[in-house]
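Each chain gets a letter, A, B, C, D and E, in the order it is written, and its residues are counted from 1.
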Amino acid sequence: GSSEGVRKWKLREEGTLTFAMSGLYKPYNFRQQGELTGFDVEIGKALAKEMGLKPKPVTNPFETIVAGLQTRKYDAVIGSMGITEERKKAVDFSKPYYRSGAQIFVDQGNRDIRSPEDLKGKTIGVVKATTYKDEALKYSDDIKEYTSDVTALQDLPTGRVDAVITDEGLGDYAILHDHLPIDKVGKPLTQDEMGIAVRKGNPQLVKAINQALDRIVENGTYDRISKKWFRRNILH
Amino acid sequence: MIQVKKLNKSFGRVHVLKDIDLQVNESDVVVLIGASGSGKSTLLRCLNFLEIEDSGEIYIQGQLVDPRKDDLNRVRQQVGMVFQHFNLFPHMNVLENVIEAPVQVKGMAKEEAKKLALSYLEKVGMADRADAYSSQLSGGQKQRVAIARALAMEPRVMLFDEPTSALDPELVGEVLGVMKELAREGMTMVIVTHEMGFAREVGDKVVYLDEGRIVEEGTPEEIFEYPKEERTREFLSKVL
Amino acid sequence: MGFGEIFRSTMSSFLEATWVTIEITALSLILGTVLGLVFAFFKISSIKPLQWLANLYITIIRGTPLIVQIAFFYFGLAQIGINMDSFTAGVAALGIHAGAYIAEIFRGAIQSIDRGQMEAARSLGMSQRLAMRRIILPQAFKRSLPPLGNQFIIGLKDSSLVAYIGVSDLYGVALSEAAANYQQFETYAINGLYYLVLVLIFTLLLNRMEKRLDVDGGTR
Amino acid sequence: MGFGEIFRSTMSSFLEATWVTIEITALSLILGTVLGLVFAFFKISSIKPLQWLANLYITIIRGTPLIVQIAFFYFGLAQIGINMDSFTAGVAALGIHAGAYIAEIFRGAIQSIDRGQMEAARSLGMSQRLAMRRIILPQAFKRSLPPLGNQFIIGLKDSSLVAYIGVSDLYGVALSEAAANYQQFETYAINGLYYLVLVLIFTLLLNRMEKRLDVDGGTR
Amino acid sequence: MIQVKKLNKSFGRVHVLKDIDLQVNESDVVVLIGASGSGKSTLLRCLNFLEIEDSGEIYIQGQLVDPRKDDLNRVRQQVGMVFQHFNLFPHMNVLENVIEAPVQVKGMAKEEAKKLALSYLEKVGMADRADAYSSQLSGGQKQRVAIARALAMEPRVMLFDEPTSALDPELVGEVLGVMKELAREGMTMVIVTHEMGFAREVGDKVVYLDEGRIVEEGTPEEIFEYPKEERTREFLSKVL
């Protein structure tokens, strides 16, 4: 956009798109050799490039990620945040930038839990302040909260949780690439739309992000990034 | 030189000094004796305004001192004090200890102060240890430096509070020697001590304190040989 | 995967993070020392409101967990418009935290100097102020070095908590590395090792410094 | 929303969490005191391997941040099959952490007892062991009470870190509440207040206890 | 009673005691004198095996003691010791201090020990303070309790290391009084002291130590009036 437009985005740092994620959400966002990488990071970088900005990914614990956005610690959350009515009260969202579902995972060979109904009374692990926590609360009161989905999944073999509800793609990736001995139970519980969160009262920035998103979808960049991490396009 | 009139001092509800009258003449050596807790240190500290009296008057050189108004830092320059525990400044060497007050308080030039300091250190026999730190000195040496330090402010009177009681017996002599020398030179001194032999030898006046009151005073002979009061006799029978 | 492999794969990010940890520790301790000095004087001053202020500060800081202070500084203050990035907020929170402890160290050191020192100085005609500056403080400073060094090491370890406001310090990197490599055991053990080495080096430096400052043998 | 409202809305969960914090603090300090006693004796024992063991333990614990120890205990140890729930892991990590500091407190107290006490006891024909039990330890225990109390208060505040392994203690609840109500400033301020009150109560109790144990006036 | 032959003791490279020969007969009062650092305390502590000699022989009651083999706890029961700083057990009251060793070491019944303890406390004039803690006592009182505590083990010999040097001058007398009484009753004693008047009065033998060597020994008269050695004379001129 023009420099006139850029000023209207009210960025934290001139000419830079600072965007946040937990950094504990492989393969969407995580650290490799000290560098932040993953699907979210690459999408963020591609969007920044389209907008003529320098990308600056930063991390923030997920339970305080909205607080950080509201208090101008960064310009956007590109961190696999599900679009919910509750969150819309606090932030504005872009169009969905990927779709995924909440999935139940259990320890490999677990025969007790074969459907969501079997979760009753079981210990379910989730990350603080996620939509998965709300989902889990529908089935059980016994919720165990983590700061990272990865550590939650790793607690399945230890038996400290009976099930974990998290993103389907994240679990799939852990099974496939990191050989975590866990199984999926049934179909995804939900179909969630993930959005890029922006501080309220900044429609210009939302608009610019949406336009940039459209362009990287059109020019194939999105498809390339998505296939690199998931071997399929996760927008649809 | 110093005149004390009806001095009273209490700590909380403890009445430590009661109607003290005391006269110290130029070149006099006044020795304060008395049992532990009788108020000897407190009286000495009042003369130097480290403690402020509750009532009564203290005249220094004929001048009434009002500790609430007068500049006590100036008054104290005329009244040197030597403590039981020396209180040398441990982060300074001997020379620095002695020049500290002349330079910082009187604003004397450093070179001049050094010459002065060395002359007083010479007097107490410590000039050759000018570079030493107090941790490297014996008790007697520390006390001699403390005396030189007080003398370097060229006070009109010197107060000594049990200057030898923290010393090993063999080191007592060297400090008493320096004090005798001072007395001979005509320095006005007020001394709290348990060294009765010394008191007898150099004292012009001996003052016996008991429970905050002056019970008896007189020449060493009067007090030690012919004490009038029963209490004095009893005390002396214990310490002699 | 074993220790060796994890060690190699995390090395470059841990080394980089080591600098972040050192930087944040150093800055926060400078801030803490300044605050500590100021509040130590407040506390021993004869002006009541300054004493109260110092007591309030020290009580609040020492009465609440550091992590709550950090969260309050980063998120809480931002809400009322005091907006610091995570590094700055981390330095501020750690520094203000350390300041309360350092204030007590300085105060304790000053008050530990034998009363006779002040009396000797006063008896030589020095003013309260001059005696403080020339006689009491130099001794107190020296005496406060060992506990101060100890506090510095505590500060180094405390700095790990800024990971939770998103600083990529040693512990922050350990968190993300462990979330990516799934090797919690090795990652945290190696992470601990980095801290241990830092602490041991720090201890060594402090001991040297203390000895250096003690060459004049000028202690009681 | 203001303070009052946040205070009311968080009250029931904070009060519940207060118990969790008290429980985890108490259990970990019991563990820490036992460990501290054992390792203090190891350290002053004449058996070299026991000394080494104590030194190793104390160096590692004091040389690494508590949060790393907690993460290692909960996530790291689980990976090699030592599998504790978060409460247990929290108690273990906090207890083992406190133990190293408490060991140094006990050791310091024992060694601070005047050598003359041991000599007097030996000169009366008491054995080393008997003198330790009858003469040194009772005095050392009394002398270790103030630093021990201090360590207990540190333990109370340190317990806040178990929030990060999923314990719903005072700070853990603050995190969740703030994430839900978006009122960071008020939530953390109120959270701090809860801790402050706990710390002040704890301090009061400790002072009382110390005084109670001092009634015989039997200190040097 | 006690015989010491060619005793040597070093601390690191400091040779503190050199070829000490000493004979202490039954009911003798032996006084050790000498400058600070001359080895008086070390010698006394060797007699009680608080320090273990490097070479030489110590016979207690004619029995050679091998500190590497013998049960020193048994030997020490025969040798009572009183220290400069009293070393009362501060967490016990006076009575408990005194009965502690008889009960714990000798296995005496508590009631019996109490009777014994009170008799010794009576002897030192402290029976009425049996309930007090050491923080509530004056220095002289503490030292008298320490003497009673040592006596309660009914030792054959008592060692005193400067028992009055930490006392205020007025409190010295009461402790020396107790010690004189013990001497009169025939207790064997070895005493390090700077109280020369006392040494002259009660000593059967005075031993002068200098730099770890016995320079001269003899009756008080021989040592104080007619010292043979130059070094003894010099030392005495300083302390008398």
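A few points about this structure:
Everything that follows uses one rule, which is that a contact is a pair of C-beta atoms (placed from the backbone, for glycine too) under 8 Å apart; a residue touches a chain by one contact, two chains touch by 3 or more.
By chain, with names taken from UniProt: B, E = Polar amino acid ABC transporter ATP-binding protein; C, D = Cystine transporter permease.
Keep in mind that what you see is a predicted model, and the values were worked out from it rather than measured.
Using CA-based centroids throughout, the chain positioned farthest away from subunit B is A.
For this pair, subunit A with subunit C, the centres built from the Cα atoms lie 36 Å apart.
Rounded to a whole number, the gap between the C-alpha centres of subunit A and subunit E is 83 angstrom. Centre to centre, using the average C-alpha position, subunit B and subunit D are separated by 52 Å. A straight line joining the Cα centres of subunit A and subunit D is 38 Å long. Annotation for subunit E: no residues touch two or more other chains. Among the residues of subunit A, those touching two or more other chains are numbered 64, 67, 70-71, 147, 151, 154. Counting partner chains per residue, subunit C shows two or more touched chains at residues 71, 75, 78-79, 164, 175, 178, 184.
Applying the touch definition to every pair of chains gives A-C, A-D, B-C, B-E, C-D, D-E. Residues of subunit D that touch subunit E in their complex: 114, 116-117, 119-127, 130, 134-135, 138-139, 142, 216-220.
Across the complex, subunit E meets subunit D through its residues 48, 50, 73-74, 76-77, 79-81, 83, 85, 87-93, 100-101, 104-106, 133-136, 146, 149-150, 153. Considering their complex, residues 59-60, 62-69, 71-72, 75-80, 157-161, 163-164, 171, 174-175, 178, 183-189, 191-192, 195-196, 199-200 of subunit D touch subunit C. Taken together, the subunit A residues at the contact with subunit D in this complex read 63-64, 66-67, 70-71, 90, 128-129, 144-147, 151, 154-155, 158-160. Looking at the complex, you find that subunit C touches subunit A at residues 9, 12-13, 16-17, 71, 74-75, 78-79, 83, 85-86, 164-166, 168, 172-173, 175-180, 182, 184.
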